[in-house]
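Presented below are the structures under discussion, each in the form of structure tokens.
Shared between the two complexes below is chain A, which pairs with chain B and chain C, respectively.
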Partner chain A sequence: MKNSFNFTEDQRDYLQEICNIGMGQAGKSLSVLFEQYVTLSVPSIEIFSATNLMSTLKRLIPAEKISAVRQGFYTHVVDPNICGESITIFSNTDVEQLAQLIDLNQEVTFEMEQEILLEISNIINGACLSGIAGQISERFFNTPPSIIGQSIIIENLLNKDHLIWDHVLSIKIQYSVEQHSFQCDLLLLMPDSSVKYLQDVLNRLFDEL
Partner chain B sequence: MINKFSYTNNVIDCVDSGVFVVDKDFTVHLWNDYLAIRCQFTSDDIVDLSLFDCFPNLAQKWFKRKIKSVLILKSPSYSGWEQRPYLFKFPHDRSVTGGVDFMYQNCCFTPIFGKDNNVEYVCVTVKDVTDIAIATMKLKDTVMELKRINSIDGLTQLYNRSHWEKCFRNEVSRVNRYEHQVSLLMFDMDFFKKINDRYGHLFGDEVLRQVAIRCTELLRLSDVIGRYGGEEFCVFLPETDLIGAAYIAEKLRHIISDTPVYYNSIAVPISVSIGFTCSSSSNNNYENLIHEADTALYAAKNSGRSQCVSFFDCDV
Partner chain C sequence: MTISILICDDSNVARKQLQRILPEGWAANSQLVKNGQEALDVIRTEKIDLLFLDLTMPVLDGFSLLKIMQSEAIVINTIVITADIQDEAKKMVKAAGALDFIRKPISANTLMKILNRHKLL
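So, the complex of A and B:
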């Protein structure tokens, strides 16, 4: 499994290309939905091992306290399949600003704060995945979002004592919205078992070039 | 995808969840039996009508936002009972045992694509999660109650030692970070053993309860009091200097000892010895402050009890 995890340079370049185009489209649809300009960073792709989990996460998300929402995504292909998780991470985010983004102009209660986090995460995640799916002529299915925690430290993002994978492919995308001091990060994470599928897809697309 | 099974349309009525379909103008195009038997509209009644006309109490703005995001992003949207209890206010099957008067619902808004890969309709499913909601809410209540019990001293209803220590540690680190001040008082009932021996432990317990009530009445909301052990209590006073601490200590001593506690009709006088200290740049850690207040408390005991002593007046 570990050997198959090494992407060839071609595969990596191609994946980067796909993500770049995908994010361009995601940015477009988010701008339409939010009716203002949404900027997405160039996705940064990396592979890290379970042993480096915490140091990698801290480097990717250098914030003291975060709020995080997770969602599963998968394809209809069973073997090999993609079964990954996307985590939307809000750090130092003003919830009132987020509320304005989805046209909520009332006082934000605790339940509403959760609803806003879930809603924005789902929107961002949906836009990104359909952006990428469009590029590889696939369809991703989602599971409903759920909150991992509000104002938690990054160590509590996942159960680091019971990891069932050796390596993870991570695609990190940063979002910012022009008129709001709003920034968040989306991490698309895929464990070892999902990468084979992705490699097959990349090989197929590469052969078609 | 052509479905050869000729009863597909009936299947939608067999699904044990609400399923309906609207277009971008919120006109209903499909309405399954699950929904029909829970509201006044059958499929024949509602199809081709506007959803909002039929359900004027629906959270319109929210619903429109959901549909809009599905249309634009071409990907599903969700809503969960914890944030929004229901889409339609339906009755549920636990009308007797549930203790809630509506069905908690999780909803899913899924795009249905037309020929040109645009979203033509949105399919909404409504799932009954009342059982899960009731269980989760019960669990939350239980966890809250356990947290409370875990931090409270059963006899006096003040914070117990471990919880108070946690609060004080946090306060000390906050004081260090922001260069603020905190004062610490420790006090002990005078001759408590004698009271116990003479009037019994039940009366001793009553004395401790009375002391707790008197202190709580006097202290400010920001002051944090706990039962340190036996007949010993501790209070920290955020943003309070030594002069303020001396003032509060004296007031505490008075409110405790000015009124006796009654055993049947016998007035039993009680008194208290208090030691206090205040944070400064040189002593500012948890152990030092506790040690200083403790030292002052012993000095108060040794110089005749029923008095307040500052650590800075002690001969160390």
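So, the complex of A and C:
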């Protein structure tokens, strides 16, 4: 992990392990969907300031066209300890591979692609957040997932609603199934207060080690 | 009798978590390594009684290490501790010679149960 924004090495190590566990849960859910064993890779995580969001995203995600799904998350409706917005970003070619893996023996229409994106992002997002929640003794609620765009250029990913956040935790996820491998990026955009809360929890957890 | 332990996990946090819940006295005899290759370097040269092994690691992963151990006839009691919670992963590591399989995050209770089950205490 590079460019960690205001996180100590101990906090980052702990967060990395928490994300590993979340990705393991996502892998299990995906293996049920694909009816095959899913090989996991070590997810690489970065934390950065949301003011650098676009330039950092361009570095993290070299694909020309992307598709993305957003979902809100929060621990409590009023004064949440942690809240934010998650964005799952897929590169174009991935979606066709995913359709093959789910064994759809038909042409992948725009609508079908949309369903696949929503399903996979919901699995990855849900497993990752529940993995994090389980270890920090919280529980996340989610707003329903919605498509930000399909086959868009990355410059069109964000709108002014995304500029309200202070920090971003990005998790690069790679799974392979047989000869196929797919990669996506999960971004968790959070306000300052949530990141401070998370850091406090991470400090406490690390001190207990 | 002291037993020599090798803990192989790329996560510093996971290594510490495990060390903290080992039975009394064991932590002092435990070595820590960050990937399968480092583990291999140790087990080829030293006598290790018990190996705690993660699966998903850079350089050389846990599955590959188990296969190399089989091919070199290196026999060590191995307990896999992993975030890969698929049933297939459990089957694969057992087929590759591991004694048992523990899902992360690991608790002291689970560890004791597994150690008892295999009469390692």
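Rule of thumb we're sticking to: the second predicted complex is superposed on the first by the 156 of 209 C-alpha atoms of A that agree within 3 Å, B and C clash if a C-alpha of one lies under 4 Å from a C-alpha of the other, contacts with A are read in each partner's own complex, and residues count from 1 in each chain.
The rule is simple: contacts are C-beta pairs under 8 Å (C-beta built on N, C-alpha and C of every residue); 3 or more make two chains touch, one makes a residue touch a chain.
Keep in mind that this is a model prediction, so the values were computed, not measured.
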(request) Check the residue A:123 against both partner chains and state whether it touches chain B (first), chain C (second), both, or neither. (result) first
(message) Quick one: is A:209 in contact with chain B, with chain C, with both, or with neither? Answer first, second, both or neither.
(response) second
(request) State whether A:91 touches chain B only (first), chain C only (second), both chains, or neither. (result) neither
(request) Identify the partner contact of A:49: answer first if only chain B is touched, second if only chain C is, both if each is, neither if none is. (result) neither
(request) Please work out whether A:13 is in contact with chain B alone, chain C alone, both, or neither, and reply first, second, both or neither. (result) second
(request) Name the contact category of A:23: first (chain B only), second (chain C only), both, or neither. (result) second
(request) Report for A:183: first if it touches chain B alone, second if chain C alone, otherwise both or neither. (result) neither
(message) Touching residues of chain A toward chain B in the complex: what are they?
(response) 29-30, 32-33, 102-103, 111-112, 114-115, 118-119, 122-123, 126-127, 129-130, 142, 144-146
(request) In the complex, go through chain A and note every residue touching chain C. (result) 13-14, 16-17, 20-21, 23-25, 27-28, 31, 37-38, 40-42, 134-135, 206, 209
(request) Give every residue of chain B touching chain A within the complex, in rising order. (result) 61, 65, 68-69, 72-80, 82-84, 106, 108
(message) For the complex, give me every residue of chain C touching chain A.
(response) 10-14, 16-17, 20, 55-58, 82-86, 88-89, 92, 103-105
